[in-house]
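Have a look at this one before I ask anything.
Think of it as A, B, C, D, E, F, G, H, I and J in the order they're written, each chain with its own count starting at 1.
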């Protein structure tokens, strides 16, 4: 069945593991990585995460969002099941939407040291208004830093139609 | 439940407040702010506001719009419930569509002194024609001013299909 | 230009009238009618009203809905501009969603004595949940009463997808 | 190239005719028919007519609609180019939406004496409200009359979402 | 501001209450009711609840669903904020999808004794397959019981297109 | 690889055949069948055929349609590649839309003697109007004849939105 | 975390099992069941399965479909992970579309003895035509048999728009 | 009700005027303006006009289009009701699609002397083909002229899907 | 009825001509032009052509595509009815998708000598894969050549979702 | 029927070949090419491949994706049926999503030595998250290398809405 060898997969403790534990506390240490086999090339990996939920820090009410994460890997790549468990750990955690997106990006930068990364959250409305924070990062002093500036400047010029239904 | 501490939230009088009053007069003083915790980073916060309504200054008939507000915070950030109450205060106020969008942006600039901001209103039709004003702003003398020019020049080159149904 | 004669239109005081007043109080007396020219036939007139807004009776916060009204006329038919002004008069009025829909239907029954009528409101969410009340009526003792039962029994078996965005 | 023979097409004066005249006056006499070759069978022909426009009888302003016409032919069938020219003749004609739909159906009944027919107009909004009249007919004393009742009773229980954009 | 009087609202402890507590345990006792003012009429109230989440009883992983609840009230009607808090109490609760839908319906029947009720959950996929349980109920021995049979027999004959994206 | 045996497929001359010939003349004899293995059961097979094109009998201009064919097999079932070649043979053939749909159904009835069958063509517009003929058939004297009546009576009560774009 | 007890789940060998084996041979014995806890009630469970693939029995080329399965459970209910593995076992199996749908339904009837069941496959096109077989079943001699007839008679009167893109 | 003062609105003769006349001849003199209150700022006003109709200069048949007009105002701004009446005056006027769009833009340039303007018409098909002309303009010798070049070069690289239905 | 004068239209032999002949052989000589009245301005004309069909050069089976053609006219402009007849002449012609698009563009360049032109074909699938060739051209040595490079480099970065249904 | 001559097609062994074999092992040698007839021009060919399936290297479970491949040909062009068979050969092959996309692009670069190429896979979700890898390449030392950088920097700034349904 070819592809990745056992040797290459040996550090992954969560993928395909039956006894998965779900943390109810914010747990960045759940994140795991594997090695990029195409380091000579710039390419983008995007995660679509429509099942994100956290709590409002002030009122405790649940918040829901779809999060889109895109990055250009350098040496390390985040394994998707560990990402899922990490995002789950926000389930009973309270923070502003704007803070959550920055925290997630910070944790992934610390984990992978990616060339480029961006995180975009699209939340459901409270009081008739919804909030969509977007943050990004490029390795300082590289062309990826310019890429981050460029993509921020061009961000979301065609807002999707929102009617709260 | 972590995240923002009470100390950080103490200036917010409206979020989670039971006795909310709804102003029927244009009331920019309703707007409140909290502090940006990620000032070292340029990032964008977007508000989707599909429940905006005002009156026509000439005929008094009600107008309806969805408003999209995006900004890059500097030191201050607008709190979303106060934004909701501020927008509500246009409910019985009369002004041209084009003026409303510029007034809202002016008020938010005065409130937050953001690095960058844009406001786009999409109104329902009157007499078979609908009007969508878009205005933006970047801090004068900074790269954000150029960002404003750039985004205006590239604004809405793919108009959504409108058929008045 | 044919069609309806001045004689037939003489009771309509609002259509095409420049000096329209918008009532800020619930005002069922604004409703006006004209005569059905096709009384020998059962046919349906539907009004799509996406610009309805009222207030929450408890908290005073604004509510927004699209209302769909369908009826089979008997002798009288409601004139659409008067309907618009009537619906506008809920703008600063507070009531539960479920009550508003029943009140609107009651007023139209009293106005027109239609053979059949139904009113369906689809509101925007509060606290993550939206409410869509549906009510209908057929002239008692006629086949239209059975029609009302039948349509209620078959009501909305394919709920539109709602994701609050 | 088979199919319909010249003999069968000889009464059609408009189809493929270069010198087509467009009438600016309501002109039901433009309608032409050809013979049904499948009279032993009940089947339905539907016309989708998204380019209908007429005038408001009171204010003279233009109205726009998509009209859907479905019928079961008996002996005669309406030729589509003549139908197009007939609908065009409403261009500078003024009448209420509800009346227009009934007039069109009456003219087609007189022309073809169909077993069953229905006409549904969906108009663009005026003052935030749009009107969609629906009328139908089955040959009196036949099962098609019951079909008309049945389809009216079941009419449009899933209103399309209308937001005037 | 008319409508419902304070007297009528006095039993509602949650609506507009600032100090809302969110229960992390399954808590059917959170549900509150108010009185139906239109008991002489059959009408339908639908709740759209796109923010439902629970846990898998076997693996502990989070599940997400949109729940549609429709009912014909008899004497009591469920208040929507209490419904929201009740649904929230499934957040850390584990059960099969099929069981959750039946439990929610059972609780609402016990609370309101509605004439008719139905609950439809549409879950996100696990392992490439998603599950959508639908259950309903009509007061035994009444026409509403027949209504329940009828609606089950006609349930979802046009499955929405699902492609897991 | 199981399933249908060579024995069962031996009469199919077109499926998987490299030297396929495309007829430019109307050619009903191209149609081939295989045997129904589930004769004890009523079930429906639907063909979606979005690539139908023929010619106008009067003007010679090309017409385009999507055709939907559904049937309940009795003993014989039409093989799909032979159906494709048969439909292709209309490519340079001229006939009215209404006639084409009836001819296709007649040919399939003669070929398969199905319990039930229906054919629906949806054509692109000419002169701003499009035509969608629908015809069906149930074996005379059986419940399938009633099924045909029933489906005709209920046909297309929710016309898709057509705007010619 | 409540809900289903270990006792109730003890016969499920696949759900949450790390060492899952994927069969490359048609394997109906993979299917597992658990007990229905709401046997007093008729309710419907629907599975959306967009990841079905099999092979053409004649040419060996891969076929792809979305399968929709709905049933009313009696005593036993199919566990969804075992259903996934069962459907996977068609991956290298060859059969006609029409046969596959009937085989799947037969296997589920044998497994669960459901009160009612239906299976609908929607395949991607070959040669410009796609095929969508639909089959259903109700326990003979019960009202569910009539339900099967009724749903077949009403099947898919609004074909989704197919354009092969 | 604040906003624009009577003084500022005194030159508008059409907005809110009951006795509106609709010209049947091309009438650029109907256009009226009001003063821009935000001249220090570049911002965009877009008009969505889905109810445009004219005649073919050769055949006299009616044409239909949706027109999108966007401009950056300088000193003067076009009033929307006067724009509506101006566009109406094309109703019985004949010209090629490409010419109409350029004429409309020329008239608005002469009226307002805007910094930038663009006009895009999307017509319904004739003979299976539809035409969408796009034209734009920036004040010569200014950055708006470059903006016009830039937007033309980037125009419509993602054509909407057109299928004439 | 103004607009284009007879003098300006005298070279058009096909528009409005009753005796139109449809060529079954590839016939670039069918193309006709009229003069550009706005030569001082760069503007774009787009043709949407959803009714293109040709044959596979190897197998003879029919292919179907929607073609989008956009160009900036210089002196000559292609007349749309002649374009329709030209595209029709591919009906019984065989060539690869990639070749057809380049041939069409070559013929239009020879006909009109446009400043800029692009042709994009989107075909229906064969064997589960569809092909969309895109080709463009700018007058050599002008800014339009750079425009062609620029648009190619930016081509289709947001592929439409294709699922072959 | 013109177009490509037999001489030009003689190296294609798979297109139109009846005895096609489907490889169950990763088989890059299946890919075949034909010669580019428009080498003087830069143009883009896109393949839409919604029927890709492979296996997870760790768990063996099936994965599904839609793959979009775009390239600018130099001398050689990939024949689409051989591409289909090549993609099929991943059917029973296991590899990470990120690796599969890079392998496919590497094989096509080796086959065709294209000026530019990009490959984008959009997978269905596992555990609530889906992954969309995108990789591209331009001939080193040419403007196509810059094109690759440019397109990566601008990649997917408008993520499609993903909700796993």
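Things worth noting here:
In this text, a contact is a pair of C-beta atoms (placed from the backbone, for glycine too) under 8 Å apart; a residue touches a chain by one contact, two chains touch by 3 or more.
Predicted model only: the values in this text are computed from it and were never measured.
At the interface between chain G and chain I, two copies of one sequence, more than half of the residue numbers in use appear on both sides, so the contact is built from largely the same positions. For the two copies, chain B and chain I, the CA superposition rotation is 145 degrees, given to the nearest 5.
To find the repeat of F-G among F-H, G-I or I-J, check which pair has over half of the same contact pairs by residue number; it is I-J.
In this assembly, the C-alpha centroid of chain A lies 50 Å from the C-alpha centroid of chain F.
Centroid to centroid, with C-alpha atoms defining each point, chain G and chain J lie 32 Å apart. Chain E and chain G have Cα centroids lying 27 Å from one another. Centre-to-centre separation of chain C and chain H, using mean CA positions: 35 Å.
In chain A, 16, 50-51, 55, 59-62, 64, 92, 124-128, 130, 154-156, 158, 160-165 are the positions where the chain touches two or more neighbouring chains simultaneously.
Partner chain B is touched in their complex by these residues of chain C: 20-22, 24, 48, 50-51, 53, 55, 59-62, 64, 88, 91-92, 124. Across the complex, chain B is touched by residues 1-4, 9, 12, 15-16, 34, 37-38, 41-51, 66, 68, 70, 72, 77, 80-81, 83-84, 120, 147, 150-151, 154-156, 158, 160 of chain H. Against chain H, the residues of chain F that register as touching in their complex are 61-62, 64, 122, 124-128, 130, 160, 162-165.
On the side of chain I, the complex with chain J involves touching residues 26, 55, 57-60, 92-96, 98-99, 101-102, 125-137, 149, 152-159, 161-164.
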